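Two complexes are shown next, each including chain A; its partner changes from chain B in the first to chain C in the second.
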Partner chain A sequence: MNGVAVVWEQRSLLFDGLLNTLWITASAMVVAAVLGVVLFALTLTRLTLLRRSLWLVIDLLRCVPFMLFCYLIYYGLPSFGIVVNNLTAGIVALSVYHGAYLAELLRGIHESLPRDAEDAGRAFGFHGARLVMRIVLPPVLLAAVPMLGNQAVQVIKDSAFLVIIAVEELTYAADEIQATYYVPFASFVAAVLLYWLLCLTVEGGVRIVLNAAEARR
Partner chain B sequence: MTAPPVLSVTGLTKSFGANLVLDGISLAVQEGETVCLLGPSGSGKSTLLRCINWLERPDSGAVFIAGERMGVRGGGNAPMSDAELSRLRMRIGFVFQHFALWPHLSVLQNVMAAPVHVQRIPRPQAQAQAEALLERVGLAARKNAYPAQLSGGQKQRVGIARALAMKPRLLLFDEPTSALDPELVGEVLAVMRDLAGAGMTMVVVTHEMGFARDAADRVVFMDHGRVVETGPPDVFFERPQTDRARQFLMRYAGRAAVPASLAGTAGAGGLA
Partner chain C sequence: MNTAGLLTLAAGAGETFGISMLAILLGTPLGLLLGLVRWARVPLADPIVAVVVSLLRATPSVTLVLLVYFALPTLGLEIPRFAAAVATLTLGSMAFNCEIWRGALLAFPADQLDAARACGMRRGQRLRLIVLPQIMRASLPALVNEMTLLIKVSPAVAVIGVVDLTRAAVRIGAQTYRPLPPFLVILAVYVVIIGGFVLAQRMLERRVAGAGA
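Coming up: the complex of A and B.
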């Protein structure tokens, strides 16, 4: 029997994996986005100690290989009495890891934008949280949109690592099929095509948001 | 007792590292006065304006806005909280050299933002007021545009409307026309002349000698972080009292001698 036919027969397995990947990455993206923005906003504080320790944590996280971080969350947390199932561990790992990346990305954008709109905010009496939310953050987020697409693609790709803690996502499903029926090429290519489809969808979404944001940048 | 000056600066000093940028500046601006601040590049004009509204902290000296000490609490040396600073800053409108509009907000939202979010004026009232101001600077028709869609002259007129929206006691302008193409300078100066005529209290850093000559009540000439000379424009331009002022004016006179057809280009491209 040829590989493509086998994969086609097992398509519901692949489809379940795709669905899992879809909602795992979607929820991780949402949490990571919130976390990244909150982290970045907190690092704008004038409290030097808080700011420094946040950047220390962010820099540290960015240097940890994602796979290792995954192990750390799933196998390491129980030593602190926090037991989570593999799915939760996977989503937490993806969210925290990419939240840190996002905070770093926002910092880079913030530093590249002209300072004087922020000065104007201060000069007109904005301060504290209102300055950050109304004046500082919106242009940074608008400028970040194209790169957010890239970040989303990274999340999708990193979600494949969750196979190591046995989360039943797309890569896991492809691996199951190839191991059971010995059709590695066909099943992995099928997974690659499905990942590609996901990425195209993300890029399409980004383009729509970009068009809407165009005038405001 | 007479009212305190709208702005009073006494003995202001400021250094960046070893670079002494303001070297004991004292200055008072009365209600309704238009003061033009002139001086060569690097003489500390922008730094002075930024110290007045505490965007930059001076090293010593004091700033008073209508008699109230800026940036420092009571008589002591305790710095003001952000909220206290904000309350005083609301009395000072600031017009920036490079406009500094908020790019994510429409023209109307730029003008309404501080009144709504800082002064907490009800939105309908703030909007009516913002629309009236845009009318005054000739931009009512562009209220829904975003800053990126405007010409430099239009951006700066929005900048002026935004500064006026807080109903400030004092307007500070930092070279409001020096980032503009020469043919757009006039429309911005016209709005500023209008304000000066209407009795607004203004401090204007500018290299537009024509404006200083006919719109200022007083000219303050700075060099190397000091006030070198101050006086009415006709005296300053016709009979400058100091060598440095004379040299400064000579360089502009050299430019003004260019045939009228080229003068606009030469003037605006000059000491920006």
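Coming up: the complex of A and C.
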């Protein structure tokens, strides 16, 4: 097929898009993870008002479509006097959005784990930040590893939405090739296959980490 | 934002609602069909379904909708925007629903099937009278959760020019040079719709958990 040949000729464009998707996803995932852990740790506070309002924000974010959130960040930040380029806006949007999801995910794990260690920690005089850092977080984070993989797949998929604010990621590259040479089938199928490859890699990576963890136990 | 703007948003909300509902109505039973194919290990079809589901689950909706809308015509299949939008969301939710149904099917206790077989029930009867009613209840919370995910990715259809709720807001923003007000209005609309689904899911989960206990 002619389209395949054209896409192969333009492979460097596609490859650049793939690399951009990769590092946008990776950096957003790192920031989201930090944000998620911090948010979750803050929600453990005894200050009811702070805890309630944090969960309100987290629940609210989880009810917003990512594409809309992306527009809100891109058009909204300038009205607060913060001018960012589209790439930064995209990474910020991905990080904050998925940070909220990760906080919720950590809460679910925390609720499913036994509280014994926490009670024992309190009895030994741990409280506040030290209790959270030393006693509460370690088992929660350990149990979160497999789900972090799922979240990374979600971030990869949501990164395609950044095409709407003209971030030059994989879907953008495929659309460029499609628009220039009119080979929609080959270029989008190539993009889909590359997304598949990315997601399979993440899933495989999680499996390897889990197996290694299992073997060490 | 004026009355005309609000009307545009209302039309967009209708479009989003219609596309999402059609995709849910099509994607849920199609997912069940694929789940059954995998559960029954239908020769030839089983590995194909497994690969297609894995592929679809990894594909961003934006990319998929572009593929469906721009690539099908090159295969001689001209389809309107609305149909491409419904097809895209259906394919995505079908793949996720397949895994939900399959999970419920795999967790289904085999002794019930043996008992049904011993009572002389045929395959179709076993499925219709024994398996389906139970897996439907078990899958419902997960299926509702998938519906909220579908609505959350539905703005993807805006990239092919479907004027859904999100694109309607973009349009008004471009006309008035003030993008934030329409975005904040539709934010509230989405939060109400998706929040409604989330609450429904929590209620269902509680009821299913209560029934199981």
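Keep this in mind: the second predicted complex is superposed on the first by the 210 of 217 C-alpha atoms of A that agree within 3 Å, B and C clash if a C-alpha of one lies under 4 Å from a C-alpha of the other, contacts with A are read in each partner's own complex, and residues count from 1 in each chain.
By our rule, a contact is a pair of C-beta atoms (placed from the backbone, for glycine too) under 8 Å apart; a residue touches a chain by one contact, two chains touch by 3 or more.
Every value quoted in this text rests on a predicted model; they were computed, and no experiment measured them.
Once chain A of one complex is fitted onto chain A of the other, the partner contacts of A:184 are limited to chain C, with no touch recorded for chain B. Counting the residues of chain A touched by each of chain B and chain C gives the higher count for C. In the superposition on chain A, contact is made by A:139 with chain B only, not with chain C. In the superposition on chain A, A:128 contacts chain B only, with no contact to chain C. Once the two complexes are overlaid on the shared chain, A:8 sits clear of chain B and of chain C alike.
In the superposed model, A:160 lies in contact with chain C only, and not with chain B.
Of the two partner chains placed around the shared chain by superposition, neither chain B nor chain C is touched by A:23.
In the three-chain superposition model, chain A touches chain B and chain C at no common residue.
Contact residues of chain B toward chain A in the complex are 53, 55, 82-83, 85-87, 89-90, 92, 94, 96, 98, 100-105, 113-114, 117-119, 146, 148-149, 162, 166. Note for the complex: chain C touches chain A at residues 54-55, 57-64, 66-67, 70-71, 73-75, 151-156, 158-159, 166, 169-170, 173, 179-180, 183, 186-187, 190-191, 194-195, 198. Interface residues of chain A, counted against chain C in their complex, comprise 3, 59-60, 62-68, 71-72, 75-76, 79, 153, 156-161, 163-164, 170-171, 174-175, 178, 184-185, 188-189, 191-193, 195-196, 198-200. Those residues of chain A lying in contact with chain B across their complex are 114, 116-117, 119-128, 130, 134-135, 138-139, 142, 215-217.
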